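Dropping the structures in below, format is structure tokens.
In the two complexes below, subunit A is the common chain; its partner is subunit B in one and subunit C in the other.
Moving on, here comes the complex of A and B:
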């Protein structure tokens, strides 16, 4: 089989497996998996920027929150139906990522991380400041009646699973296509050696900006989906913790690998799920995982798979 | 209160904030300057200092001054030791690679924070100040009878807050003397300038790194011991100092110690003044956004050299 054939087989195999899970697994895990798939879209968003372009953003929660509040607030206050609200959510994230990209890309390295962190902090504080509308940390709930996708009820277990599955499939397949395209290869070239990419005549700044916009918008899609499927919008999702978590997922699964985000989210979800039975300080597990990963497996689970089993892993 | 006395009060509060901030930021700045790594766990070393101060003063009992004085020595030492050990165990093994260090220190952040949550608990706990007299402050005003001295109601500062300002200045002076007048300081500066050459001259760079990392954390812990009688010890208290210290180090220019001091006073003062006159959240929004914009348009900071 050609390499491209193997890659396609792997991706479709994963999607088939996820589809089968709905019929095999008990209800609890089906619910968990729909959450995992939505969060994996978020991780895919960060992976485009961090894993493929080599830009480490510590503020991706602002894009997730833009999508989430774009959808949530427009449903709550404008009374629009789900599809236009979803469009507003994505548009908010896209506009925010253009602005952040234009400003933050003037900096490099450590400064870029801190600028994104501070922009995200600003957004988080803005959400708290307008607590009258956003209900701050407490958040607000979207009612079942407000969450009808045309005539399709997304609040049932099956509805939620299939919407999450559909969105995740689209994201994974287009993400894989993006990575294989010449555009994706140029991003990797920038990650590997920015100077050389520039010397070869590529407009590095433009590609980085596009990477920020795509990455931020995909994260916004995840935020809007999360609000739609789980019916809750809260400031926690804009906090620093939700900027760190996708980084953890991507690193754990494998930065710069198409299947990394899903593996990372699933692994971390079940790790925390298992440990929260014993302690309320479950973020301790996240901390230990980060330290151990960065020390012993900086390329994540997919990186290990690539080294040991599938050298062609994209 | 009139505008004048109000502004003076805000300035005094700002100076207290700046004094704590300058110690925390110096710790971060020294670590960045010598080791070229960003320590995201710095805020947790600050928090650990405050929590240890509570434990020490609780265990010793007696007059609050005894516990406080003991905490002033013990907390920075213990925190510095913990930092030096984590440097040896973790950072040294990942070769101080910038990206991996950030990830590793985020890990350390969660480990320290959550371990504190499991042992110290989620409550905020106060430490009693060693002394806390309220000192009224005068204000001068022109009226019909010429210059008059009045004592506006509410214009006062506690003796403890004055002590904090004084203590921070002393520590800064001591730090400056240590870095410029002692052999260890010389070795640190040599490592900062060129770690390869320093190594060739027989400087044990690995040990120096551990000491610097420990010193940075100890400075944060010292700041926390000073702040804990004003602000209670809590397991989540590390986030704000971290963000503020980051801001200061960036505005001052990465790795520039004089820049750090100037920026700490600028930011501490403006934070104090803005939050007296505006809502604290709004003040934070404006401050955070402005700092991000400074980073965007003047990435070398106020005192740093422009990168070529």
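Moving on, here comes the complex of A and C:
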């Protein structure tokens, strides 16, 4: 089998496994997987920028929130149905990512991290400032009737799972195709040696901007999806905590690996889920896991898999 | 690369047979979502109440005392025969004071622990983030939040607040006392987020109804750590400062306000939310002497302490100043945590009225609670008499205004249930289950 064939087999195998999970897993884990798949889309968004382009954003929550509020506010105040609201959510994240990209890419390295962090904090405070509309830190509920996808009820367990699965499938396959394309390879070239890529004639700034836009938009898809499937829109998702979490997921799962985001989210989710049953210091356990992985497996779980099992892992 | 086949390879027929047997076994064991049914509880099986606890995150101080109160209430209920003759078991899940984890906790209550109801949430964003899941899971969700979100109609029929009054009722009932005793020209200082905005909006209307006015509204950004620069914005004509700052910067806020005004200050009225779990005699709070506070339940023992309050205080392990009996420095969240005690007693009364046997009776439980109205002061309701509004799923009760007198919170005024009533904004009973 060719490498491309192996890669496709792996990705479709994962999707088949996720599909089967709905039928074989207990109900709680089916619900948990719905959430994991949505958050994995968010992590995919960050992975494009951080894992493949080498740009570390500490403010990705702003894109997630843009998608979430784009969908939520348009349903609440414009009375639009789910599909156009979803479009508005994605558009909001895309526009924001263009603006942030144009400004933040004037900086590099640590400055880029700080600028993205500050932009995210600004968005967070904007959400609080316009509390009359956003209900600030409290947030607001999207009622069940407002969340009908045409005639499909996404608030049922099956509805939620299959919408999350569908969206994740599209994102994973598109993401895999992107990183294996010449465009994806140019992003990796920029990550590995920006000067060399520039000397080879690539418009590095343009590629970085495209990476920010794609990354921010995908994160916005996750935010809109979260609001749609779980019925809540709140400022917590614009806070710095939700910028750090996808970074942890990507680092744990494997930065620059297509399956890293899903592995990272699932690992972190179940680590916290299990450890919180025994101690309130579960974040300490999560932190220790991250430190241990960073020390002994700096390329994350997917990196281990690549070293030990699948050397062709994209 | 080629794929090798071996004689040991499983044939397609065998694989399909295996899958079929496996699926059948899963279905019969109740593991497949579609086949997930509730096994009828035996009459002696415990009733499980899922406690959504703020064990970590910004609400941890509240969570610890909500936990202590819940434990004490359940012990009392079990000591008196449980509910419908069945023992009650608390299943605790930490929500991290986070709306996403709050919703996950409800999923665990329903799908992992087979809880009968969920209860105990305080912070509004966690309630609002969790409530949609409660409705989807058809899990009765009894919150102890004091937010207006339940009575505002934002939530759903599965979410109820029968054990603590909401912020709108609290604010409305404070306005007459402030206007008649402290002054009619009020400057409000509040955190610039939803909690502060609720106070701003509800109090502005309420004080105007009493012939007073809010002369300035000073919103403090949530990230602020120093407050001195805001105080010059307080108009000279101000007779009362109404403050509801919360969070770790409260001590700085009070200290800097004291330094700004010195001995000549307007009257001060605040909500004890600012100082829950903080000793009123903490260094830096001397400036609060002779100022007024709203309290949901008086932290310090009063001269006219009722027997119910005395028993409740001992049961939750608090001394005369509302601190832990084991550690006087460990101050409780006394003004709010009674809500857990009273909510659990409402759940008990509701389940007994509905002859609750298991999750199939959840709707009967909700209807039984909706049918409740007056709840007299008793050990079930040690904070005082209550009146539940089944349409809005919100309880109303008396409120306390205390004055700091020589380091003690002394109740100056008790607002009645009627003082806190307002027009219904929703009728949840018209919503289907």
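Here, the second predicted complex is superposed on the first by the 312 of 314 C-alpha atoms of A that agree within 3 Å, B and C clash if a C-alpha of one lies under 4 Å from a C-alpha of the other, contacts with A are read in each partner's own complex, and residues count from 1 in each chain.
What we mean here is this: a contact is a pair of C-beta atoms (placed from the backbone, for glycine too) under 8 Å apart; a residue touches a chain by one contact, two chains touch by 3 or more.
Given the structure is predicted, the values throughout are model-derived calculations rather than measurements.
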Touching partner for A:132 - first (subunit B), second (subunit C), both, neither: second
Partner chain in contact with A:115 - subunit B first, subunit C second, else both or neither: first
Partner chain(s) touched by A:289 [first = subunit B, second = subunit C, both, neither]: first
Touching partner for A:236 - first (subunit B), second (subunit C), both, neither: second
Which of subunit B and subunit C A:152 touches, first, second, both or neither: neither
Touching partner for A:276 - first (subunit B), second (subunit C), both, neither: second
Touching partner for A:23 - first (subunit B), second (subunit C), both, neither: second
Intersection of subunit A interface sets (partners subunit B, subunit C): 125, 128-129, 280, 282-283
Parts of subunit A lying in touch with subunit C, wherever the complex brings them together: 1, 22-28, 30-32, 35, 125, 128-129, 131-132, 135-144, 155-158, 230-232, 234-237, 241, 273, 276, 280, 282-283
Footprint of subunit B on subunit A - complex, ascending: 56, 103-104, 106-111, 113-115, 117-119, 121-122, 125-126, 128-129, 240, 244, 247, 251, 279-284, 286-295, 298
Touching residues (chain side subunit B, partner subunit A) in the complex: 38, 90, 93-94, 98-100, 102-104, 106-111, 113-115, 117-118, 239, 243, 246-247, 250, 254, 279, 281-282, 284-285, 288-289, 291-293, 295-297, 299
Subunit A-facing residues of subunit C, complex: 1, 3, 22-23, 26, 31-33, 36, 55-56, 93-94, 98-100, 103-104, 107-108, 111-112, 124-125, 128-129, 131-133, 135-136, 147, 149, 154-156, 192-195, 197, 221-223
